[in-house]
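First the structure, which I've put down as structure tokens, then a few questions once you've had a look.
In order of appearance the chains are A, B, C, D and E, and numbering begins at 1 in each one.
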Amino acid sequence: MTIQTTQAPETGVAIANSLTAGRLPKSAPWTILVAAIAVSASVFAVVSFGSGVGYNWGGALFIGALLYIPAIWLFSTLVEGRRRAMDRLVTALVTGAFLLAMIPLVSLGITVVSLGAARFDADFFSMSMRNVTGEGGGIVHAIVGTLLMTGAAAVISIPIGLMTSIYLVEYGRGRLARGVTFLVDVMTGIPSIVAGLFAYSLFAIFLGPGTRTGIAGAVALSLLMIPVVVRSSEEMLRLVPNELREAAFALGVPKWLTIVKVVLPTSIAGITTGIMLSIARVIGETAPLLIAAGFTASVNYNLFDGRMQSLPVFVYTQYANQGNPPQAYLDRAWAAALTLILIVMVLNLIARLVARFFAPKFGR
Amino acid sequence: SNEGGAAPSESASTLSGNLVGAGASSQDAAQQSWIAGFQTANPDVTVDYDPSGSGAGRETFLEGASDFAGSDRAFKDEELAAGGFKKCAADSSIVELPLYISPIAVIFNLEGVDSLDLDAATVAGIFAGTITNWNDPAIAATNPDATLPDLAITPVHRSDDSGTTENFTEYLGAAAADVWTWEADGVWPFEGGEAAQGTSGLVDAVSNGNGTVGYADASRAGDLGTVSIKVGDEFVPYSPEAAAAIVDHSPFAEGRAEGDLAIEIDRTSEEAGVYPIVLVSYLIACGQYEDPANVDLVKGYLSYIASPEGQEVAATDAGSAPISDSLREKITAAIDSIQ
Amino acid sequence: MSKRIEVRDLNVYYSKFLAVEGVNLAIEPRSVTAFIGPSGCGKSTFLRTLNRMHEVIPGARVEGEVLIDGNNLYDPDVDPVLVRRQVGMVFQRPNPFPTMSIKENVLAGVKLNNKRISKPDAEELVERSLRGANLWNEVKDRLDRPGSGLSGGQQQRLCIARAIAVSPEVILMDEPCSALDPISTLAIEDLIEDLKQKYTIVIVTHNMQQASRVSDKTAFFNIAGTGKPGNLIEYNDTTTIFSNPSVQATEDYVSGRFG
Amino acid sequence: MSKRIEVRDLNVYYSKFLAVEGVNLAIEPRSVTAFIGPSGCGKSTFLRTLNRMHEVIPGARVEGEVLIDGNNLYDPDVDPVLVRRQVGMVFQRPNPFPTMSIKENVLAGVKLNNKRISKPDAEELVERSLRGANLWNEVKDRLDRPGSGLSGGQQQRLCIARAIAVSPEVILMDEPCSALDPISTLAIEDLIEDLKQKYTIVIVTHNMQQASRVSDKTAFFNIAGTGKPGNLIEYNDTTTIFSNPSVQATEDYVSGRFG
Amino acid sequence: MTSAPAPIKAKLRIGDLVFSRSAVFAGSMILVTLAAVAIFLIVQSIPAVVASSEDASILKTNFWDYVGPLVFGTVWAAALALLVALPISIGIALFISHYAPRRLASVLGYVVDLLAAVPSVVFGLWGIGVFAPALVDAYAWLNENLGWIPLFSGTPSATGRTILTAALVLAVMVLPIMTAICREVFLQTPVLHEEAALALGATRWEMIRTAVLPFGRSGIISASVLGLGRALGETMAVAMVLSASPVITFQLLTSVNPNTIAANIALSFPEAYGLNVNVLIATGLILFVVTFAVNAFARWIVSRRKEFSGAN
């Protein structure tokens, strides 16, 4: 036999416990990290001294963290052997990936909060932009529009999307299912602006040219939302073990009740996450709403009549068409962006609670 | 809340209803001010203006989906000939009113330099990419006092189709025909240089860069350096007055219907005190509406915009140039002719 | 209440693969029938055709007839759901519903079918079923805890409790005790003894002793080789199969070192 | 190669729940030790502490010592990966990797080492392991088909083949035969007999006969009641446990109707 | 026990019927919707595809010359974005599912989901104002030191608004959806398989490699398809961040970058009139086709080893 599996890795040091063979001490990763950052910091110091530019703390930290990855791998290879080194390398990379993703998040967060805070006042949430020029004004109209249109889009998309994914997972065999799967993928590729154009043209056929209504916006959004709902729910439904379906069937439960009472509850957490993602995906859409729902400065509660403002369109137009003083427009734009993010956060939080409440309770 | 409802008691307005317009985003800030002013005076009126872009605005108006349009250019002769304005009576002409006049500033971001004096050829050279460094002799020649660094010039142009670009390139083509050989167009005519979306995007790109230069609605120049343009023998900085002046010194397009006040800007004018890089944005309405319901509203709204008061709020809120009294006379006559 | 099952010329396919071939068999009501045979010979496959559970597997299909009290299960207009309500099943691997508590799991057959049941009735049913599956004492204090927190054996007994809670007329059990300890196994076997008074029971088992202890009749399945279909080799009274089988293969199998 | 295992005062917790309490035990090298006891008494739980597999379960932790050849498994800087490479495990439920073919499943443990293994060596190893698990004849024609297409028993034997392919020094088996038919079980028992020449083997079983057939020593675990921790009641030579246990509970258990 | 035995005869189960019909209906709705969109696109596109520069003023020569660089830019930007986002999102998903302490993990998942809440306009604003300027120095450095690689050659942008920046912004934008799907799938890896790997003496990474990643493969591909779809179709952020020209170039750091179809529509639509509108809609049709192709490819990958998919 040529395979050797069981020998403890070769290390020079005599160690009492053979199972501890060659491990870096627990503190080693941190020591190496600090060392890597120190090295990087001093290199940056030299460069900054040499070139006379200011000291770049962010860069020093970033490069230091980067340096840590090969360093830990090297040390671990030397002391612990190849496999452990690989494990450490991946741990470092995976953690690094996470921290890397935090950079834009934190940067965005700081930007939005610091710039958005300027207009986070009572007026902002009790006024619309009707008859407002220059400073002041608020976003009631945009909040109302966003909630109504996104809500309507959700009402359209969630049943269709969820039922479609159920069809694909539970019923779909053969050509229609394959076709639908494929088309759903294609649908994910509808550019948002095309969705807007389509909805606009569709409603122009029925309501006359040039009509811009909240419902047209909602239809455009559902075009973007449905594929996300289908895709993510489908993925989650497929993860429900067949054993559970069989258990229900064997109890003489009809298929539809099995789906409603066993399959859906088991996957509800994932499905809720998917739905939240789809809402987050569309609630920030600008281009289609600009085309399909138009623009107004006043509150409109009627989805079926008249133009409707939404938060992203508001943000965009405040930024793009700044009047005098420009700062007032920018402040409103950022504050509206912050509001939008907060709305999604709250929705997300609700979804998480829902998911936690219904999630399968694994005892172990 | 500021939503409509109870009318101010002293309001004598008899107007009520909904007015919808769409078009040029350049007018948007001014439109918002006009709408605010008009709605305040007429509490039962709601005016909506979609800043969806001039092209979209003209299409919308053509389809009859809006009562009026805002556009950075007048309809072309062939478009007028094709006709088909759904909101307008069968053989009605349209009314095009140059109500929003705004200077376009050449802006730049260069450490230690606040303003430059340049002639048309140099500006054209910079944007055409033939003048690539700030210490170029052509720039130094007209700016003996400025300390010009050895720094690459990054010209920034608009990446979207834009009235600003069209007016700017029209100026370059007219005033520096040797250097600028492209036709006037809303789309930047060649590849090269940095591109940015919308006035705001362009201003941001210029502000965030170093050695950048661009062109934008003058109200957005902010703290950036601006260029004084050579007109005749003088270098003229942008100003509302100078912008209004060039409009006054320019002829109306020929062969147009009465009330169609399309202007052909004289970019090469050497008149003293004119600033030739201006954007003229029109408000466009029917000469005669098919359905008379909204006629009073349209006339009321346009009259308000043309009034000294309307022009003044736009100047304050959007930085535009108030029209001259002589132009106002012609415009008022055109508005009165709407039926 | 109990039902007679008659199988005629049954072939079972997985798509094109013939897994079980030409089974003819009659199972008497109120009896326990054991299926034995080496692994892979198609016991589970065949068992599932008795309540049309094989239809859940894509590509699985049968030829032939299965008559329950004279009604062919495979008649075109037979409703498999009704079949399964009358012919219950317990699986090889325990599969409690992870979203449900122990109690809800037991009541699943009732609740999932949207049947109303009063609270006292429900509690009585839960206790009776859990006692029947010899699980009551272990879980009576945590009926509202998730069913998936139990050990393997406990989970399997929970599944048995769930199956008997809907009181089917035939109960199919696919190696129900393979994850159970002797005490639980004993309880289940006792239970089978009880249930047999009213129900028809079919059980797949690898445990020859179990087969001989609980069953009235035994069916021995075998397979000629990999890729070949499984066959019913011999079907007879359990005592005959274990003491005096008529086929050599059966004798070889039941007289293996195991008993 | 084989190792001696010594357990000292071991308590196992699931978060706050004490599942197994105060186990003291010494397992001799080159022997087979069987764990028996009623369901839920903590056999699986205890078994998993012998190669630190319990650590995979969130909240599970131990107090006490497990010495393998005098080295404490629970020393702060012991590498659980090394432990598990020396102490292999076969689970209650068959768990072949569904994304791998039969062959890849057998080689999975070896491939982890990233060691290059020549094609003939690999094939030899696959065949030897599969033969050892009595699966070779059934699958030799479809080594490249997915492992999940096998029947339950076949899958479990595949898992055994996978575990022995890495030739660990101790093999822990948690009811490895509960899904197997007698023939396969026999083969596995023979295999255990073989392996015992070189390895230390610990097996959890519900089958008393199996325990008495294959094991040298037997440990009987019991539980006083639900929510109480499991205890090691008696640990002795298998013959003693089955013929002359010193504790009444053991006698009750092994002399149940089952044997 | 139960009352009289129910007849075994089939009865039409209303629930089943309604449910399966509505499922089929929903599936068909997608077909119908997509057909409607396709018809709309095709009808609107036909005049544009045959148009010349005389009919439609935004065409320099013909439609294909116009759309060529846009297709390139779309695919190029999306591919770059996916290249960056895929490993990172798998990394984050693994971090949350298998590395972070359990309690922390759900919080972290939530935090990453938050990125999905950021509207694209805000990404645009952030891209112009914060992100692009921050990259200028790094680009200059790359150009100076790695300029011999064609990708990094050319004059580096003075504002940082290059295709690489746009791709990075896109990557950040598609991260949350990709991460969320990967994470959910990784979390669903059967414990049985993870334990099987660990019991063979696998390190955590080896366990992931043997049990988690293969199991999550189709999920990873689904995530990629969704991410790619989003990246291909993203409009506002790209329009705002990218300094675009109608060119084809692989240089990543210069001011002259190819534009994407969606961004180009957003940029040109407001001023479009007459046939120009049709030209823009026709480019939308092309984007549709590109997505078709990409998805077909992904499907094909998934289906190739279906029986090893891990689904039961």
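In the analysis below, a contact is a pair of C-beta atoms (placed from the backbone, for glycine too) under 8 Å apart; a residue touches a chain by one contact, two chains touch by 3 or more.
Remember, it's a predicted structure, so these values are computed and weren't measured experimentally.
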| item | value |
| --- | --- |
| Touching both chain B and chain E (chains) | A |
| Chain pair whose interface holds the most contacting C-beta pairs | A-E |
| For chain A paired with chain B, centre-to-centre distance based on mean C-alpha positions, whole Å | 40 |
| Whole-Å gap separating chain C and chain E, where each centre is the average of the chain's CA atoms | 48 |
| Distance from chain D to chain B - Cα centre to Cα centre, in angstrom | 83 |
| Geometric centre distance via CA averages, chain D-chain C, whole Å | 28 |
| Contacts with two or more other chains, residues of chain D listed in rising order | 58, 81-82, 85-86, 93, 109, 112, 166, 168 |
| Sequence positions of chain A contacting 2 or more other chains | 5, 83-84, 86-87, 241-243, 254-255, 257, 291, 319, 364 |
| Multi-chain contact sites of chain B, meaning residues that touch two or more partners | 25, 52, 201 |
| Contact set on chain D toward chain C in their complex | 37-40, 44, 92-93, 137-139, 141-142, 150-154, 157, 175, 178-186, 206-209, 225-227, 253, 256-258 |
| Residue numbers on chain E that touch chain D, as the complex places them | 102, 190-203, 206, 210-211, 214-215, 217, 307-310, 312 |
| Chain D residues touching chain A - in the complex, by the definition given at the top | 1, 14, 57-58, 68-69, 71-73, 75-79, 81-83, 85-86, 109-110, 112-115, 117-118, 121, 125, 166-169 |
| Chain D to chain E touching residues, read off their complex | 51, 53, 56, 58, 81-82, 84-86, 88-91, 93, 95-101, 108-109, 112, 145-146, 148-149, 159, 162-163, 166, 168 |
| Residues of chain B touching chain A in the complex | 1-4, 18, 20, 22, 25, 28-30, 32-33, 35-36, 39-40, 46, 48-52, 60, 63-66, 86, 198-201, 219-220, 222, 313, 316-319 |
